[in-house]
Each structure stands twice: as structure tokens, then as C-alpha cells.
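Starting off with a structure, shown below.
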Amino acid sequence: MIEFRNVTKRFPDGTVAVDSFDLVIPSRKTTVFVGSSGCGKTTLLRMINRMVEPTSGTVEIDGEDVAAKKAVALRRSIGYVMQNSGLMPHFTVAENIATVPRLNGGTRRAARARALELMETVGLDATMADRYPSQLSGGQQQRVGVARGLAADPNILLMDEPFGAVDPIVRAELQTELIRLQQELDKTVVFVTHDIDEAFLLGDQVAILAAGAQRLQVGSPSEITENPADEFVAAFIGAERGKRALRVKQTPHGPVLVDAEGRTQGVLVEGGA
Amino acid sequence: MIEFRNVTKRFPDGTVAVDSFDLVIPSRKTTVFVGSSGCGKTTLLRMINRMVEPTSGTVEIDGEDVAAKKAVALRRSIGYVMQNSGLMPHFTVAENIATVPRLNGGTRRAARARALELMETVGLDATMADRYPSQLSGGQQQRVGVARGLAADPNILLMDEPFGAVDPIVRAELQTELIRLQQELDKTVVFVTHDIDEAFLLGDQVAILAAGAQRLQVGSPSEITENPADEFVAAFIGAERGKRALRVKQTPHGPVLVDAEGRTQGVLVEGGA
Amino acid sequence: MDWVSDNLDLIGTLTLDHLRQSVIAIVAGFLLSLPLGWVAWRYRLLRGWVITVTGLLYTIPSLALLMILPVVAGYPATSETNLVIALTIYAIAIMVRAVTDGLDSVDPAVRRSATAVGYGDGRRFWAVDLPLAGPVILAGLRVTAVSTISLATVGILVGVTNLGYLFTNGLQRRIIPEVLAGIVAVALIALLVDLLLMLAGRALMPWARSKAPAKRKPAAEPTAEAAA
Amino acid sequence: MNLLSEAFKWLTDPEQWTGPNALQHLLLQQLYFTAIAVGIAAVLAVPLGWAIGHTGKGREVAVAFAGAARAVPSFGLLVLLVLLFGVLHKPEAAVVTFVILAIPPLLAGAYAGFEAIDRRTVDAARAVGMTEAQILWRVEVPLGLPLLVGGFRSAVLQVVATVTIAAYVNLGGLGLPIITGLSLRRYEVVLGGAVLVAVLALVLDALLALAQWAAVPHGVLAAQGLAPRRRAENAT
Amino acid sequence: MTGCSSEDPLGENESTGESANGAIVIGSQAYYSNEIVAEIYAQALEGAGQEVERRFSIGQRDAYIPELESGAITLFPEYTGNLLQFFDAETEARSPEDVYAALQGALPEGLTVLEQSTASDQDSYTVTKAFADENGLASIADLANVSETLTLGGPPELAERPYGPTGLEDVYGVQVEFSATGDTTVEDLVAGTVNVANVFTADPRIQTDDLVVLEDPESLFLASNVVPLVSEDIADEVSEVINAVSAALTPEGLVGLNVQSTVDQMSTPDIAKQWLADNGLS
């Protein structure tokens, strides 16, 4: 369990990126921070592994204040995956994945074995082990990033818009993969995105944030769509307009769902609950 | 009307970006090219204003082969809006918008008046006229890009992922704006995206393309959703899986639509057709 | 060109002297520039000063430096030490800037990512910052190497023998091929060292080569150039 | 320090500022050679660099040429050219030497300036219907100017420091006190001359630094100067 | 050409203090003519079975004299007049004998000179034959009668030397403008950019380019004969061989050596070898 207790972050230039933030992030679930650009998502995430130190308040992992831990050791024990993968361009794929095992003093051989194992886990062909990141596609790079995040078998995986830079088809693939991985590995995942669809797809718990990491609504995707806290959330998740307010249209091929402009948004299938 | 007749483009390095492509683009409608990265969308678009010359085949505008026109004059007569706006960093907003009128020999004064007029059209405050692009937000820059595309009052507006780089909320705003503009101005718009939602939202005609600009399906959004041409298209538009196959779920707040994983994707409103 | 074929031994000996003097200066300049460049990069406040002061060194006419240094430092002007020290100073003038620019060129996202996976500061410098600054530093080093080798010839004006000997001696004796041979030999070894550095860079930084092609990024050259 | 104060004394002695070899004459000669050489080099290198930058062709050749030019020792070249041209053409020999010295940084500045421009900007300029000439003059030249001035700056610095060797072939300049001082073992004279060269180089460098700053188009300056402020505003 | 590598004129340019093992360290100026004489010394000593190390092409006198004083260099071909002026700028001595005698007194502790040779290579004022004929010039004093402006060419430091423009005026009443023609002084004289030039008397171009050395009745210049400057420690060891060389080196001989170097473009070791053979010294 990760807990933010009244956390505030004011940057030296005066920007208050996070203002009195409280949140409990349950273990072995995926929590997604979603909100528009600059609202403080990345800052929140980085306070978990002490890349950013809170100005006031505490961040606790399983009841222990992270400030009491050694930053470098803490970071090695938490997986971190970022947009554009954040890979070391001068390390091969295997070296990138094995960074943390190596930093922890593992032998070259053991680290490589672990890297190859993880490449399989994230669906990368072993032949890519000795390529450099620039020789991979964007999607493949992200897989390497995920593999690196998992290398030390951390309990916590932080993911900062990990799929923001890849094209939608690859993105859908990576999302599916992540759902599968999560079912398999059962980590505490904290995921940042500004795509509400992605948030709803991946999150067990979704936190919709406004500037200063202000909590607009926190809940499961269904809770939020079914009962948006206010107008802004409703607008943000698109529940009242456009493609999210759907009505049924009958077509020769069966019933489809159309939006206000009459554009088809999906098909209606059986099995209402 | 724009017509591609058996157009092929092979780049000097041997890449066949477009392979025997045929398409009629109706006037005063929005046609969207959608497809994954590298499938040839940009190449198609750029053959219309001769930024790329076809290796074989012809591109005709209102029955006239564009190859017969002078490239520079042709380009001035066609609006072009690109991702990241493509603004001149050393021109002010007004100068950027007025580029084409000035190139066409308009006076500085007339050009500026036109620029201010267009800024109003695209929803930009007149006080921004003398700022530089770097002093605007991403969304504002895109509006300037659109205004520049419209400056010579062209019949044709080419838009290459114009909203790809802005965050989703601003993007939704710009999309709405574009729909309004199109109703008002009635141009022939050719729009490129790799976001199928955007394609369906904006397109009167949508062309789903695969590598080499191969036509997978061309039709209105409704036609495509209701009757996808093949498995791939179905997968691509998401009709058979995940969020596009929706079923109704009753909640205390009314019926909502949920996907296969039980995540809410929209609300059901009255008025089935 | 009779002169050249009759004096190959002489040219050979002078070339070896020349290389020895230049290479020592290039290596020393490189090694000294690393900490200086790092300081300039790390401490914003010092940066302007370090860059300006080292850049200033380049404006000292080489002849004057070669005569005044020994007077001030108390070693013989005719010694190789004198020339090597002067050349090292000029090398630093170029290299410090290159090291700073190189460290600047490291993508902050990569640096952050290294911190995030648990690199400590020192370890990160050696494992991440320095190698990634490599291509820009190498570009600076190549400029340094070429100009050091070419500049070393002025040593002859204070009595340090190297290929510059062919210039003064050729001028006194009016033997044009001798002077020409000197220029060609200097240019050749400069370009040879440049080539070796380039190859060494390829071998040491294989990732820099595998970059997606046709990314027309301004090469490091202009920055190193600006320092020259 | 003693040497320094003697050099200062020598520099401030009115005797040095009168007569045919008065320091102001030598200073002017130094400037004159620098100006002529950099001027000629600019006329040759800048259009060539622009052509390379605009077309993207010939870069390898230019880099190789610049590398070779940099590898040529100026002192040797000067000697060679004096022997080839004869004593009546020493000034030409010197100018050619300094021109060759100045070409590589100017060439690199010119094409690197163009290459540093975002390709999408040039592409957009072409797409809105600018002719190639308009792209060159309205987009590439203004946006490439800062790096060109940077190249100009290093060319001037290198040439002004190197023109000292002109004295070696009787062309005056601030090298004269330096080489005379060397032969006479009067180090304060050497140092005095060197200080003047350094000061001259510094002044020129400072002026060109200003020019370089002024050459940055306003919009680009705004990107560097104002972006952070905007970011901060958004945040609050 | 039979030049062989062991006789490289420059040798290894090791740093100072190499004479400890007893080898004779021979230096030379960065002046081709001086280098030839040094090479002759070296080959002559080698021929006599001595071990020799070469430290040639050292530019300035004040750079190498300290090394002679310290013993890092032990033998050096020098010129009596110029060397004397280095130690005693005010000297009144002018004739070869006087200069040689004064030099012995002026040398610092530990250094001495062996026999001087008749060959001399001294400063002179020289004009073209045409100019001399036109103005009826034979001696420096005649320059006072020339109506056109006189421009004197020479190395830059000539401007400050006692025998430079000031000396010319004081001793001969000749007024000149000065031009620092440096290493191209002779070419400048021939090309006419200067009409009087400070030329070394052993310069072969005095003959080949038809130049006239003006007489110096008032002894503006010191006689400057080739003389071996040597460390007292090894003076006895080398005196026999080197004195024989000095005895054989005539004024014409020195010019001949210079011609071989500049006109025939022979390498220094070859010139030395041939001269020693021709003079029965090898």
C-alpha cells in the first residue's frame, strides 16, 4: 500500500505542483492518475521513488515514510517506466533491461539471463538482445522499458505515460499486454496518462486530477462514469456529450450505438446486467 | 473534386509508399485518411499540392492534372495545415497567417487585416497578433496553423494530423471547432490522422489504409462501423472487441454501456432511430 | 620532388618528433578538460567564467606564449616541455567547451531515467553522462587534434624541432619542395590522427552509429567550432 | 608580475605610439588583414555553405575540405606562398593564408546554421508556396544567422590571433613587437604585443557576441526567454 | 646521394642533461649554414672514434647559451663577433684578432673557444651591383651621397642593434628608413623593395645574385669568424680534431658549403661528409 498524506510540492520557482494531496493506493491493483497537462501527475509519481522530495507531508510505502529510506536503494526496488522508454541509448537491449540487477551487484551472466527471461515475459524476441534502442520500433522500446522496470522484481511499478508516444494500434497492443502482465505478476502499478480511455481501460482505481494535483474524483471506472462528481469530470470523461452519450440505432446488421451527430460508436451486444 | 488515378510513389531509396492508388475525393466534404504509421497517408496528401510528385499515375483537381500546374502557385491556392503547426518561428502570429497573401503580393496592411479577421474565425484573441509562435500554447499554435491554411481562401484544405500533438482536452476542442468551421466555410478538406475516433468524428468519407496506401475500406463512418469490410478493419475500428462491443448495464443513475471487461464506456440516452 | 626522396629519413624523424609532441599535448589537454568541462557544466555560476577564461587562452599568440611561458615558469624555451605545455593550453581552450557542450547534449530524460532506476551521482556520471557526451566530446577532440598538430609547427620558431623545421630551413635555403613536404606531412598526420579518432569513436560508441539515418541534427561540429 | 608591469610600462610609453611602427598603426594593420581575410573568406564560404545547407548536398565534401584546411599549418603555408609568389607579393601570400584559415569555421557556420533549422519549418514554407529563393532568404538565412555569426566569430578570433605571423614576412601587425622582442630578448615587449593581440581579440569577440545575440530572430529569442515564464503562469 | 640514417642532422631531440655519459653534445643554430658546420664537427669527431650526440636547430642564442653553461650542450659552432656582443654589448673590438682576444675574456666560467677559422660569416651592408654602379658605391660612407631615400632591410631586431639605423647615422651620417624584411631580405633587395640590406657575408647569393658588400672602414660591424665554443671539460678531448676543421675552413669554403645546401639542395650530412673527404679529414 502506498499512502500520500497531505503532500505538497512547491518547486523552487514557486510553482505549486501538488497541493495538500491525500490518497491511498491499494496493493496489487492498478491506480491511474489522469488529468490534463501540467496538473502534477508526474510530480506525484516521482515522490514515490524520491525523484522529487515533498515540500511537506509524507509518502509512505506499507506504513514506512520513504524519506527514511536511502534514495538510491529505494529507486532500485521500485520499477519505473516512462514515456519514450527512457532507455540508455548506449546500452544494448539486454544491458538496459539488466541495469538494476547489475547495479545491485549481480554478475554479467546472471543479469543477462534475467534480461532474456524478461524479454520473453514482455513479448520481445531474444534476437533483439544485442540491438541498441535506436534500432527498435517505438513499441518495442516501450516493451524494453517495461522489462527494465520489472527486472528487479519490484513490488511497485511506476509508469509515466508509458504508451504516450506510440501509435494507437501498437498502443492498444501494449495496453492488452499490460493487462495480461498485471494478471500474471500482480504488482502494485501506479500509472499516469492523460488519456481517459486508457485510464478506464487499465485502472482498478482512477484518480482524476486538476491543476495542483487537486482530486476531482477518485473511484473505479464504473463508479466515475456512472456518477461523475461534477460537470467538469462529466465533460472530461465525455459522458454528457459527443461519443459518450450514445443512443441505439437499428441497422440491417443489428443494433449499433450512435452519438449525437449520428456517427456510429459501437455495436450493441446481448447480456445487459 | 480531387481524383487519384492509379497513383504510385516509389521513393529513391526504393520504398513504395503508395501503390496504384485510386480515390475520388468529393468537393465540400471532409475526407479522412486513417491508417497506422508509415502507411502512406502523408505521401498521398502531399501529392495533391505537389510536395511529392507521383512516380506514375495522376492526381487531378476538378479534372485538371496537378502536374500541369506550377507548383508554387498550386501550393498557394491550397491550404496546408500540419502537425506541430509548421509555423515560422521568426514570424509573428499575424505574419504567419498572412504569409500567403503577402507572397501573392498583397500589401502589408491588407494582409494584416486579413490575418486579424482569420484570427477571429479560428477563435484567437486579436491581442495575440504580435506574439511569436513560441509564446503560444500548442492548441493556440494549431489554430494559427489553421488560420494560415485558410488565409488565401482556398477551396481545398489539407490537414496532416493537425491535432496530433495537443493534449486530449484541447484536441476535442479543436475538433469541435473544425466541425463548426467546416459547416461555415464549406471547403474540401482532406484530413490525415491515425486516430480512428478522430476519423469517424470528422470524416464524411473515411479511407482506411494499410501499408502502401492500400485501400482497406472507403465509406462513411456509419457504413464502416456497421459493415466492416474484413477482420482487419473490424479490429482496427474496434467493432468486434473491447470498447466497441458494448452491452447495456443498469445502474441507479440509469443505463450505461459497458465493454467486455465490464468497464463503462458511455451512457445510453433516449431516441433510437 | 628530388628533395623529398633524398630526405625521407629526415622527414620521418621529424614526423615522429612532431607526433610525439602533439599527441602528448592532445592527451593532456583532453584529460585536463574533463574535470574543467564538468565543473563548468555542473555549476552554472562558474560556467561563464570557465568558458570565457579557457576560450581566452586561444587568443594568445602562440609565439608569445612559447617565449613567455618559459620565462615565467623557468624552464628552457627550447625544450619539448615548453611546446607541449603551450599546445596543451590551446587544446584546453577548445576541449573544455566541447566537454561542457557534450554534457549538455545528454538528453535530460535519459539522465532522469538513470537516476530513477537507481544510479548514484558518481556512478551515473561515468556510466551514463560521460559516454553519452562522447560523440560531442569526440567531435571537439578531433578539432583539437587537427589544430594541435598544425599549430605544433610554430615550435621551430623557439627551437623545438619538429616538422616546422622544414618551413624555416626551407625558407632559408629557398627549397620549395622542402616547405611543401612539411605542409603535406603535417596535414597528412593531422588527417590520419583525425581518422584514427573517428574509428576509435565508432569502436567505442557503437550505439551512436546505429541512430536512425537521415536525422539531420546539427552535428557537434559547429559547437566545437565556435570554441575554436 | 615584474614582467607584466614592465610590459605595461612599455605599452604606456608614448614612444610606442609614435613613428612608423607606432602601436596604433600595427593595430590597424592587424585589423586590416583580419578584415580583408575574413571578408574574402566569407564571400567564398558563406554562399557555398548556404548552398550545401539548402540542398543538403555536398556536405561530406565540405567537411572533408574544411578538415583538410584546418590541418594546413598557417605558418608553413605562409612561407610556401611567399616563396611561390615572390617577395613583391607578400601581402597576397598572407591574405591567402588567412583566408584559408578563416574558411572552415565560416563554411561550417553557414551550413550548420541551415541544418539546425527544423526541417518541418522549411517544409511548411515550401508547402505554403514559397519559391526556393523565398525559402532561402525569408526562412533559412534569418534562422541560420546565429550559427553563421558564430562561425564568423571563431573565424575572426583565429585570424586575428594568427595574423601575428605576418610580421615574420615583414607585413607588420602586432606580431612585429613580438618577434622583435624575441630576437632582442626583451620579453616585456613580447608580452606587450601579446597583450594587445589578446585585448584586440577580446574586443572583437565581445562585439561579435553581441552581433550573434542580435542575429537571433525575435521569435526564437522569445522561445528561449519567455517559454519558462509561460510555463510558470500555467501552473498557478 | 649516399646519406645514411645514422647521420641524421637532427638526431633525437632528447631533453637536457644527456652529456652525463661522456658523449659530446653538439648544438647548432636554426640556421642551415651553422648546422652544416656543426655536422662537420660531429662527423669529424665520429671519424676520430668519439661518441657524439646532436642537438641541432636551436633558435636563439639566449636559448642555447644557458644549456652550454649548464653542460647540457658541450660543443657549438659560433661566430666570434656576434658571440662577443652577446656577452659584452659595448665592446670596442673590431678586427678578427681583437674580437677573438676579447671574446676569450668575456666568456663565462666553464666555457672556452678553440682556434677560430678564417671563414667568417658576419653582418654587412650590401647593395645590388646595379645600385652600386649607378651611385658609385664602394663603402658604407658613400651611401651618404645617394639622393634617393634609402631603405634598409634586415631582421626585425636590426632596428634596435647598435650597428642598425642609429649606428649608420652616428658613424657614417647615413640616414635610412628601416624595413623588417627578415628571412627574405636578399629577395627584397633584389626585387627593389629595399635598396640596402643587412646580409651575412657567407651568403652565396652575394655571388649568385650579383650583390656588392659595402666596405666598412669605420668598423661598424665586428669581425665574426667561425669559432668552436666548447665546454672546458671536453676542450682537450676535441681540440685536435676540431682545430683541424677550423684550419681547413676557408671563407670561400664556407660559401661553397652554403651553395651546396641552397643551390644543389644537398642534405647536411652529405655536404659534411663530402667536405671532410675533400679536405682529407675523414
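Note that the chains take the letters A, B, C, D and E in the order they are written out, and that residue 1 is the start of every chain.
Rule of thumb we're sticking to: contacts are C-beta pairs under 8 Å (C-beta built on N, C-alpha and C of every residue); 3 or more make two chains touch, one makes a residue touch a chain.
Computed from a predicted model, the values in this text were never measured in an experiment.
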Check every other chain and keep only those touching both chain C and chain E; list them. D
Of B-D and D-E, whichever chain pair has more C-beta contact pairs: B-D
From the centre of chain C, which other chain's Cα mean sits the farthest off? B
Chain whose mean Cα position lies farthest from chain D: A
CA centroids of chain D and chain E: separation to the nearest Å works out as 41
Using mean C-alpha positions as chain centres, tell me how far chain B is from chain E in Å, no decimals. 86
Note: chain C sits from chain B at a C-alpha centroid distance in Å of 52
Chain centres from averaged Cα atoms put chain A and chain C apart, in whole Å, by 47
Could you list which residues of chain B touch at least two other chains? none
Hunt down the residues of chain C that sit against at least two other chains at once, touch-wise. 157-158, 168, 171, 174
What residues in chain D touch two or more of the other chains? 82, 179, 182, 234
Which residues of chain A touch chain C in their complex? 46, 49, 51, 72-77, 80, 82, 84, 86-91, 99-100, 103, 131-135, 148
Can you list the residues on chain D that touch chain E in the complex? 20-21, 82, 86-88, 90, 167-170, 176, 179-180, 182-185
Chain E residues touching chain C in their complex are 1, 3, 5, 8-11, 13, 15-16, 30-32, 56-60, 63-64, 66-67, 183-184, 261-262, 265, 267
For a test of understanding, state which residues of chain C touch chain D in their complex under the given definition. 56, 58-65, 67-68, 71-72, 143, 146-147, 149-151, 153-154, 157-158, 163-164, 166-168, 170-171, 174, 176, 179-180, 182-183, 186-187, 190-191, 194, 216-219, 221-222, 225-228
Give every residue of chain D touching chain C within the complex, in rising order. 3, 56, 63, 67-68, 70-77, 79-80, 82-84, 104-105, 108-109, 112-113, 115-116, 119, 147, 150-151, 153-154, 157-158, 160-162, 164-165, 174-175, 178-179, 181-182, 187, 190-191, 193-194, 197-198, 201-202, 205
